[in-house]
Amino acid sequence: MNWELIGDILLATVPLLVIFPSMFALTTWVERKALARIQNRIGPNKVGVPLTPYGGNLSLFGLGQPAADGIKMLFKENIVPTGADRLFHLLAPILSLIPAMLVLCFLPLEFPWLNGEQNSVKAFMLDGAVIFFFAITGLNTLAVFMAGWASRNKYSLLGGMRAIAQMVSYEIPLVLSAVVVVMIVGSLNAAEIAEAQAGWNWYVFQPWGLAAFVIFFIAALAETNRSPFDLPEAESEIIAGYFTEYSGFKFALFFLGEYIAMFAISGLAVTLFLGAGGGPGVEALPWLKVIWFLAKVCILIGVMIWLRGTLPRLRVDQLMGFAWKFLLPLSILNIFIAGFAWHAKKANEGTAVSVIVWVAALIILYAAAKGLDHVNRAKVKPRTYQYGE
Amino acid sequence: MNEVTAFWILAAISVIGALVAVRKRNLVHGVFALLVFFAGLAGLFLLLLAEFIAVVQILVYAGAVGILILFAIMLTDRVTGKDAFRVTSRGSFWGAIIALAVFLVILLPTIREIPLIENATPKDMIVEQSSVKELGTKLIEPYIVTIEVLALLLTAALIGAVTAAQGGRASEKGENTE
Amino acid sequence: MTLALHHYLILAAVLFCIGLLGAFSRRNAVVVLFSVEIMLNAANLNFIAFWRFGTNPELLHGPLFTLFTIAVAAAEVAVGLALVIAVYRHFRSVDLESLDTLKEE
Amino acid sequence: MTTEKLALIPLLPLLAAAVTSFMRDGKRASIFAIAALLVSCVLSLIAFNEAWGMAADDKPKLFTIPWLAIGGTAINFGFVLNPLTGAMAAMVTFVGSLIFIYSAGYMSHDKRMARFFCYLSLFAAGMLGVVLANSLILFFMCWEVVGVASYLLISFWNHKPEAAAAGKKAFIVTRVGDMGFFIGILLVFKVTGTLDFYTEAENGILQQYDLNSQMAFGFSAATVISFLLFVGAVGKSGQIPLHVWLPDAMEGPTPVSALIHAATMVAAGVFLVARTFPLFEAGGMLPLVAWVGAITALVAAFIALGQYDLKRILAYSTVSQLGLMMVGIGAAGVSVGMFHLLTHAFFKALLFLGAGSIILGCHDEQDIRKMGGLAKPMPLTTIAYLCGTLALVAFPFTSGFFSKDEILAGAWANNQPVFWVAALASLLTAVYMTRQCMYVFPGTYRGEHAPHESPKIMTVPLLILSVFALGLGALARGSILELFPGKPVTPHPGTVVAVSIAVALGGIALGFLIYRGRAIGQTADPLALKPFERKFWFDEIYEATVGRLWTLFTIISEQLNALLLFIRDLAVEVASRIGTGFAIGGDRKLIDSLAFDGMCARLRFAGRTVTRPQNGFLPGYLRLIALGAVLLTALVLWAK
């Protein structure tokens, strides 16, 4: 037995298994709190640390809420509908969690105790980390289908189908916007991508990088079924979508899986566009990289929560149209622009031309987005209602 | 746990996955078994150091093809995914016999050549040689036309699939009233 | 025991014939389609195995060919399933035993 | 001109086809297609000019594109420039350009004009590929492209059932020939190990002569191969017995008839023979070629006498002339056949375009009985048409005269019986053309709507072609005959010249005598005899033989099935009678399971066995395929 290897693996994976679930717990609290504040409510503020078994409570702004929720979930009854496929009903939440957990390994988190190894685990220092990331997140659709189908409930199935259609559609702009960065760096290796952005050379500061980042972020929202793309679990239409028939611990697993997927995809966004672990002071103190990385992830999560509180939900046709008619053409155009701009900049390093190229690319992308928007809006006809007149 | 163990485990996974996929009455279960088979095969590719192929295997098969088949099942059969009363077609016994015959025909030359191929040992490859970068360069350098043709093929297939699945406009309308 | 080429070859043969068995014996057109996928994948395994144990692995012929096969197989699945759906619209069935006429009944 | 540019000649129309396939606007598409063909026409004229300078035995200029390399053998695509291909390319592009321009006028009212030009360009690309190809496989591919384009164009007006049927017929009949051609190609590859006509290393198909190795039944390889190639040529060039598709192909738009079924595509078969002439020579197949040609020429000329459809007469005349070309190649060599091919291309294109003009002027009327008196309202067309007719009947000193003369001279020298057959065919040619002209031009108009002259865009190409039809022979005679391999007979024997002039003038006189003063259209036609009118019952014969064979199979299997069902019913009846009798007494089991059920089951089994291979049971088909594969593989393994 190669104890050293096992030690390495444990050193690299255990932190992931500790950090992200605890972040999940915190995030649920933050989300509830923030949404409440946006909606002019107070949010959870009672549950805290019980001081005595008979009362007396240190409320701490309701920070105990996640723990209480978790305990509640654990002890809830596990209900499986009659006629449901029991095996798949059980497997679905697990299958939704595993890919999300797995892809965390591909994020270039440089834990200080890994002796400066760039990636968390040597075994995951794959050449194709980015594409592996997409491949494995793609498996999430299967879990969604499994859940929807196994529940033997039409709302579940509808939700599942909606979710799959949405995930499949948005995966394309997601990957295409990541392609830009991969193309520029010339590598699919997450660590190399992080390396290439060292020293404030973040790709979000390039016009194409900015566009790609925005597209990526929007697609990521849809990919993780976050508001305003949360149609698969639109309460007013199809109850809770594919996890209508889930309760208790299985539901908690779904919940966990969804949040971990959010972290993972935010982590990828940070890696690709926001300079990974780069930030002030990392040259002097390398361990700051992890902090910065997680901080950026938290900021992105914060934006997601903020959007959830702000934007109304899309309609199904709008959702599909947005992916295929707006994001897809724009991201393809962006690839071309990135190629041209990069070459033009490389040829004229440090001259005024590079600035002009920068500005021109920005203008073209902005104009393209505006134009596409205009074209798409022109096609929208006044909605007619079959039964609603 | 060494390479051989990994091989046997992955081989067992793929064979069982494939067997279940082709024998299972419940189609949806069959598809998931098929996905297990694909995953096992991806593992085998990893074992053979074809890392990128493994990724593509997962991405295309487990991700895209699996979902596509699931959608097709949902669109054709009853939602429960239950196959018809009788799973196998008429005279499937003969089918099995012929499949066995094919197997033997494939197997015999392989076994005959075993002394010859037993000594073929994998070269110690530098990781660089099988890297994604190398593969990409190869795709651009001598195989660019192939890539373009493939792109054309995929586009054509896409359009063809949409047209075929959509059917005539009239029939579609007829479909909706049902 | 060490792994040699023939391990992979025999495994691929087994997988191929499982696919063949499915294509021969199932009534449902979708199952036949994914049996074909199993066969294609078995062939891919052969490509990769030959590449790994071959004489010039640096040429990457095996992975490249496999990539092309996967792309073609993807196209094949898309078209095949579209045909299955078209057939289903027409016959209200994907049972291969009932699809025994070329024109409308 | 570099040889790379040679590839541009077929590629430009191909590009035009690709681009026009996306166009809706017919006019724009026509301009694009015409422009592309004109450019390639200029290119091929340049190439022809260059080829002109080469002697017949010079090394051809090659441009090779490697396509497939399997082990040591390479299969190439390539283009070749020598006098033969140069002249043919120049002819195809030149006549093609004129026809394209003409079609822009002819089709201007059609909604699918853009599509029409797309098909035309595709056809031109395929044809030029056939002409310039340096490898049999490229030749065959382009040959098939030409076939497809022809199919598309014949059935262009696919709302007409006859047009659709004619397209299918053309495709299927030529397929019979193509099968032979393809097997021939495979044999060539087997024998010579290459598919290139010429190679730099001088070991192309046409450059090596060791084809005398024995094959089956004591024939040499060259014999077998050239026979198979000839089968392909017969299919494409409408020689007997595969000529039946060509007259039906007249259902297509008239420019198509002119371009494909007169000037270029049908000549491809002749061109194939000319192209692989060394093989035919080595294989000793030339007498067969000559005889098939002669018989075709005669039979088609007879049939043409009995037709009333303007275009159909021309179609049979085309078949007949193609036969004469085959005679030329078979009896006198490449140069003579090609000379007639070139002159024929011009005057037959002229005739067809003239016919198109007439048809358009008469409001889509094709029946010559409903025409008449067209000389006055359509003067330009009439002049052009008469020029074409003169050339076709080989009136002295028109182009047809010179080329036909060469053929007859060659036949006289090598094969006297063929000479007389060909002479008779020529006589008939003059007769039916006179007949047709007598129907169409003099007299009074017998149709309903008043005829009118066609627009300039149509008449100008006609006049250009007339000049060529009359003058090309005299102008180019010497040089063209010099250009190609195979020397014509010089000087021509007096008998030949006399016969040649006599048949032309005599035929015209004969036709004139018969039809002058006759109330055309009202009384029965003296020459439209039943066998001619019914085309010697070729279609009927095919239907009675090939078609009947299929019907026979169906009937037999149906009868078998019915018989089985009857026997089963009978047996059931008998068994049930007996069974009822015995059932009272007892052994129900025996009767039921053995006699009754067993009998039924066995009979059913027998029935199933009989119908098994054709039951539409898909997995069964699949299994049979696999079984075949297994057996084949096992055979190969076992043989190894």
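Residue numbering begins at 1 within each chain, and the chains themselves are lettered A, B, C and D in the order written.
The definition used in the following text is that a contact is a pair of C-beta atoms (placed from the backbone, for glycine too) under 8 Å apart; a residue touches a chain by one contact, two chains touch by 3 or more.
None of these values were measured; they are calculated from a predicted model.
Asks: So which chains are sitting against subunit A and subunit D at once?
Replies: Touching subunit A and subunit D alike, sorted by label: B.
Asks: Report the chain whose CA-based centre is farthest from the CA-based centre of subunit D.
Replies: Farthest from subunit D by mean C-alpha position: A.
Asks: Report the inter-chain centroid distance for subunit A and subunit B in whole angstrom, where each centroid is the mean of the CA atoms.
Replies: Taking the mean C-alpha position of each chain, the two centres sit 29 Å apart.
Asks: Please report how many Å separate the Cα centroid of subunit B from that of subunit D, as a whole number.
Replies: Their C-alpha centroids are separated by 46 Å.
Asks: Can you check how far apart subunit B and subunit C are, centre to centre, with Cα atoms defining each centre and the answer in Å?
Replies: Each chain's C-alpha centroid was found; their separation is 6 Å.
Asks: Report the inter-chain centroid distance for subunit C and subunit D in whole angstrom, where each centroid is the mean of the CA atoms.
Replies: A distance of 42 Å separates the two centres.
Asks: Listing for subunit C: what residues touch at least two other chains?
Replies: 20, 24-27, 96-97
Asks: Among all residues of subunit D, which ones touch two or more of the remaining chains?
Replies: In subunit D, 617, 619, 623, 626 touch at least two other chains.
Asks: Residue numbers in subunit B touching 2 or more other chains?
Replies: Subunit B, residues with two or more chain partners: 52, 56, 64, 71, 89-90, 92, 95, 98-99, 102.
Asks: So which chains end up touching which?
Replies: Pairs flagged as touching, ordered by label: A-B, B-C, B-D, C-D.
Asks: Okay, in this complex, where on subunit B does subunit C touch?
Replies: Against subunit C, subunit B makes touches at 3-4, 7, 11, 14-15, 18-19, 21-23, 27, 30-31, 34, 37-38, 41, 44-45, 48-50, 52-53, 56-57, 60-61, 64-65, 68-69, 71-73, 75-77, 83-84, 86-90, 92, 95-96, 98-100, 102-103, 106-107, 110-111, 113-114, 117-118, 120-123, 125, 129-130, 134-135, 138-139, 143, 146, 150, 153-154, 156-158, 160-165, 167, 171, 175.
Asks: Spell out the part of subunit C that touches subunit B in their complex, as residue ranges.
Replies: 1-11, 13-22, 24-28, 30-31, 33-35, 37-38, 41, 44-45, 48-49, 51-54, 57-60, 62-64, 66-68, 70-79, 81-86, 88-89, 94-97
Asks: Give every residue of subunit A touching subunit B within the complex, in rising order.
Replies: Against subunit B, subunit A makes touches at 85, 88, 126-128, 131-132, 134-136, 138-139, 141-142, 145-146, 149, 152, 157, 161, 164, 168, 186-188.
Asks: Any idea which subunit C residues touch subunit D in the complex?
Replies: It is residues 20, 23-27, 32, 96-97, 99-102 of subunit C that touch subunit D.
Asks: Provide the residue numbers of subunit D that touch subunit B in the complex, in ascending order.
Replies: Interface residues on subunit D, with respect to subunit B: 617, 619-620, 623, 626-627, 629-630, 633-634, 637.
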